[in-house]
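Below, each structure is written out as structure tokens.
Here chain A shows up in two complexes: once beside chain B, once beside chain C.
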Partner chain A sequence: MFIGTEKLSHIYMPGTPYATKALEEVSFSLDRGDFALLIGPSGSGKSTLIQHLNGLLKPSGGKVIFEDRELGSDSVDLLALRKRIGLVFQMAEEHFFSETVYDEVAFAPRNLGLDEVKVEQNVKLALERVGLEWEVVHDRHPFQLSSGQKRLVALAAVLSLQPEVLILDEPTAGLDPGGRLHLFALLKSLNQQAGLTVLVCTHHMDEVADLADSVLVLNRGKVIMSGPAHDIFARRQEFNKLGLSLPEVTEVMHCLAAAGLPARTDIYSLEQARAEINSLKRRLEK
Partner chain B sequence: MKNRPEIAIETRKLAYHYPGEENISSPAVYGINLSVKRGEYVSLIGPNGSGKTTLLKLFNALLAPTDGEVLVEGISTTEEESQTEIRRNCGMIFQNPDNQLVATTVEEDIAFGLENLELPSPEIRKRVNRVAGELGLEHLLKHPPHLLSGGEKGRVAIAGILAMQPSCILMDEPTAMLDSKSRQDVLGAVRRLNREQGLAVVHVTHFPEEAARADRVVILHQGRLIEQGPPALVLNNLQLLHQLGLQGTASSELAALLRTDGFSIPQEILNCQELVQSLCSSELKN
Partner chain C sequence: MSRSITLGQYMPGESLIHQLNPRVKILALLMMLAVMFIVQTFYALIFLLLFAVLLLASSGVPFSYFLRGIRPILYIALFALVIYFFFTRGGVVLLRIGFITVESDGVREGLFVVTRLVALVLYSLLLTLTTTPLSLTHGMGYFLKPLKYIGLPTDEVAMIMSIALRFIPTLMEESQRLMRAQLSRGADFESGSIFRKAKSLVPLIVPLFISAFRRADELALAMEARGFRLGARRTRLHEDIIAPRDWAVLVFVAATLAAALVLNI
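Moving on to the complex of A and B:
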């Protein structure tokens, strides 16, 4: 197994009246190079799960596995792990604390004790990978940037460690439509060109459904669906019952099918929908 | 809500400069003339950095105009002795609920504003229970807010505002962290109060599907109001939206693509139902 969990459970505030079972025997695995989505209603345990994957939370039961080895509690082990598994929090730019973009992105590599020449190399590469121009941004105060740019700096701050796995919690929250498209295009290229394994936790399926290889659905701390994206998205009624939604273009195709038309419903992007409706029209005309 | 003025919020030549901004020639907002009627639902869209949040803060006297004025129910926000009154009438819901949750349990949090108003306990209890019911929070009343999920926190923040029975509610991307069911719960509750009790709503959103449900859509760009009108018109002006890095709804975008492929589809498509109905009644009739 590359990365995943076996019967992972987590209880918040155990032994108090507020004890809450956030995860219950969650098992899943990702292959190297996967682009996976983690979805589920609010409160289903998504954020709790991803915090286990780089050792920020310790299991109450079960295991977290990375490259066939169980994560131990040894601190050296965890440091190495967090270098390889990068976690981008929700609204990560709210945690910025440095005076310049350079210092913000350099924080993690410096913490690992790299010399300043190597740190600068990493920072340059990370900014380049997110498409921010070194000359324009490295000297600026992070708070002077636009929301979209701040989010990219937050991503660069994680990429500066050159992780192999990138986990993102609601990476597009608060971004405008242009910013959302840009960020997802970037994640796609990090996945396809640079070979990063990507796990995105999101409520907004419109831009990302088309990119996913596999999907994990949590509800009340348990895995209720997991598998290839096309198989999971085909279970629309179960989705709706959970209060989740598929992309709007997928809904359009389902509505056409419900109206008695022989429309394909495994459609997740505008261009796919456009092609299928054109093809449907030709098929009907014959 | 009788005897309240017809106009909830009115701005005249409103402008605002952030202090210390190096470029004095590009104010955060400029020349805004806008009025929001009682019972009206206005959605405010625009790219990141276009001045949407600044405008909301000017509406409830968190910021004072650099030039021009803001009248809330006829009272200028610069009259210091009226600011408490303005903020009670004009409740603000911030993007990130963590920024407005203050108490140690959900019920205390919802009651916080009411206690400040020195209302009698039975009345506080009644209002807390009512809004908790409306937003599906009954089972969480004794829980500490910081251990709730993002969606639950969002609903607690909104409950705390609605309990004050404001005449106007300002929402800054209230659904950025919510799942699709919580989005419907929250926006549904606000919409109901808007319809039934004449609550005026200003809703900043990056989701065209949400803007599509407003009575009026207003577009901000570089601090200026550049377009406004009914959603069916504004959200189908795709040329303008794309130029600004914005998008129409998935259905309006798909309709536009199909029109260029020769489909005859009316201009004013906003949602899945309208698009499917149009396709079924003409192009895909079998």
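Moving on to the complex of A and C:
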């Protein structure tokens, strides 16, 4: 197991009348290089779960495992851990505090104690990886950027740690469709070219579904489905019951199939849908 | 998620005491406190203390919360006991070690003062443990109303107080989330000199201020959009009604206090 949990439970404010069971015996594991989705309605414990993965929250029960070692055993140094497991919070651009994009992105590598030459290299690489041009953005005020650009800076501000695992909490919340597409294309290349292990929390599956290798579905703090993406997405009824929806194109294919057409329903992206509909047309014309 | 961090000590519950009108609770507390200072006999005091315990039990708040509330005053109580025991003269000598003597009047008065202190705190805890900070503010705003006639904007002050109370938990939660967010970017809030520590707070304080100002702005807009005007008369969603049971409780409390005063003779 590269990274995962075993029977992880978390209770907020234990021992008070406000105690909330946010996670109950959650177990999952990812292999190096995986692209995984964490799906669940809001309040299901997604954010709580991922904050355990880099030691921000302490388990109330069970364990978090990274490279076959349990987190929280003294041998694991938290700063070193957070360098390797990058976590991008939801609406992370609201956590900006610097006067230039450069300083914002440099915050993390400076915290690692790198010298300024190395810091600048990291910042350059991070900005390049998210597709922002150094000349254009590095000395601008982060608040002058568009919301899509801010989100990219927030991503760069974690990539500058040069992590091996990248975890993102609802990375597309509040972005326009263009911004969403760009972000997911980026995550795909980070996963496939740069070899990062990626875990994305979301309840908006439209552009991300066909990127995922594996899927974990949470509801009320419990794992209710987990496994390879195509197996999980085949369980459409259960999804709808949870108030979650499959990608819109998948729903369209299901409608076609329901209308009696021999259409495949394991279609998660626009391109696949286009190809399938074209082939369907050809098959029907024969 | 305003329930996540509680301000003050409010413990949610369904008891009669929880449901009383806050004005009635405040008035009852004031009456209790007044009588507490009037009584001079142990009988009356013990009676009031027992009454407090009875009310605590009926509030359904776990007893441990009252004990926790009393803990801070234990040192004061201990200190008072020592002073009274060793320095108040009168009555028979109970103990004499060298030049230290303890006399019966001192013991009596010491115990009396400490019992009174404990009872006072218990009654106050009873109010704060069963009333949300918001209703407390409303209740107190009512008693401050007369100050309006000498030109103090009591309604506005009450509004400011309740908004502040409403947002303190939000801001606290936000600061915790921010802290975790910056921690995951490698921030370190603990080690280093005082100067370094102060500097390490910048990544918390700047975003917190920005969001607080944005929130305030949005809130002002939303309030104006819903017709809030300074100086206008407002009605409330949950009308501040003194129900029959509130009257009943007031009468009951008054009767109990009268009984205490009789015991005092």
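Note that the second predicted complex is superposed on the first by the 282 of 286 C-alpha atoms of A that agree within 3 Å, B and C clash if a C-alpha of one lies under 4 Å from a C-alpha of the other, contacts with A are read in each partner's own complex, and residues count from 1 in each chain.
Basically, contacts are C-beta pairs under 8 Å (C-beta built on N, C-alpha and C of every residue); 3 or more make two chains touch, one makes a residue touch a chain.
Here the structure is a predicted model, which means the values were calculated and not measured.
Trainee: With the two structures overlaid on chain A, would chain B and chain C clash, or do they fit side by side?
Mentor: Clash: chain B and chain C overlap once superposed on chain A.
Trainee: One more residue to check, A:148. First (chain B), second (chain C), both or neither?
Mentor: So A:148 only meets chain B here.
Trainee: Classify the contacts of A:92 with the two partner chains as first (chain B alone), second (chain C alone), both, or neither.
Mentor: second
Trainee: One more residue to check, A:134. First (chain B), second (chain C), both or neither?
Mentor: In the superposition, A:134 contacts neither chain B nor chain C.
Trainee: Is chain A touched at more residues by chain B or by chain C?
Mentor: Looking at chain A, the partner in contact with more of its residues is B.
Trainee: Looking at A:2 after the superposition, I want to know if it touches chain B, chain C, both of them or none. Which is it: first, second, both, neither?
Mentor: So A:2 meets neither chain B nor chain C here.
Trainee: So, does A:56 touch the first partner chain B, the second partner chain C, both, or neither?
Mentor: second
Trainee: Should A:79 be classified as contacting the first partner (chain B), the second (chain C), both, or neither?
Mentor: A:79: touches chain C, not chain B.
Trainee: Taking the superposition on A as described, I'd like to know which of chain B and chain C A:178 touches: first, second, both or neither.
Mentor: first
Trainee: Have a look at 27-35, 63-71, 117-125 or 189-197 and say which bit of chain B overlaps chain C after the superposition.
Mentor: Stretch clashing with the third chain: 117-125.
Trainee: State which residues of chain A lie in both footprints, the one left by chain B and the one left by chain C.
Mentor: In chain A, positions 12-13, 18, 94 sit in both the chain B and chain C interfaces.
Trainee: Under the definition above, what is the set of chain B residues touching chain A in their complex?
Mentor: Those residues of chain B that touch chain A are 46-49, 95-96, 143-144, 147-152, 154, 173, 176-184, 206-209, 244-247, 249-251, 253-254, 257-258, 261, 263, 272-273, 275-276, 279-280, 283-284, 286.
Trainee: What residues on chain A touch chain C, complex-wise?
Mentor: Interface residues on chain A, with respect to chain C: 12-13, 17-18, 51, 54, 56-57, 79, 82-83, 86-87, 89, 92, 94-97, 107-109, 111-112, 157-158, 161.
Trainee: Sort out for me which residues of chain A touch chain B in the complex.
Mentor: 12-13, 18, 20, 40-44, 47, 90-91, 94, 146-148, 170, 173-180, 203-204, 206, 242-245, 247-249, 251-252, 255-256, 259-261, 270-271, 273-274, 277-278, 280-281, 284
Trainee: What part of chain C is in contact with chain A in the complex they form?
Mentor: Those in contact with chain A are residues 3-4, 6, 11-12, 177-178, 180-188, 202-203, 205-207, 210-211.
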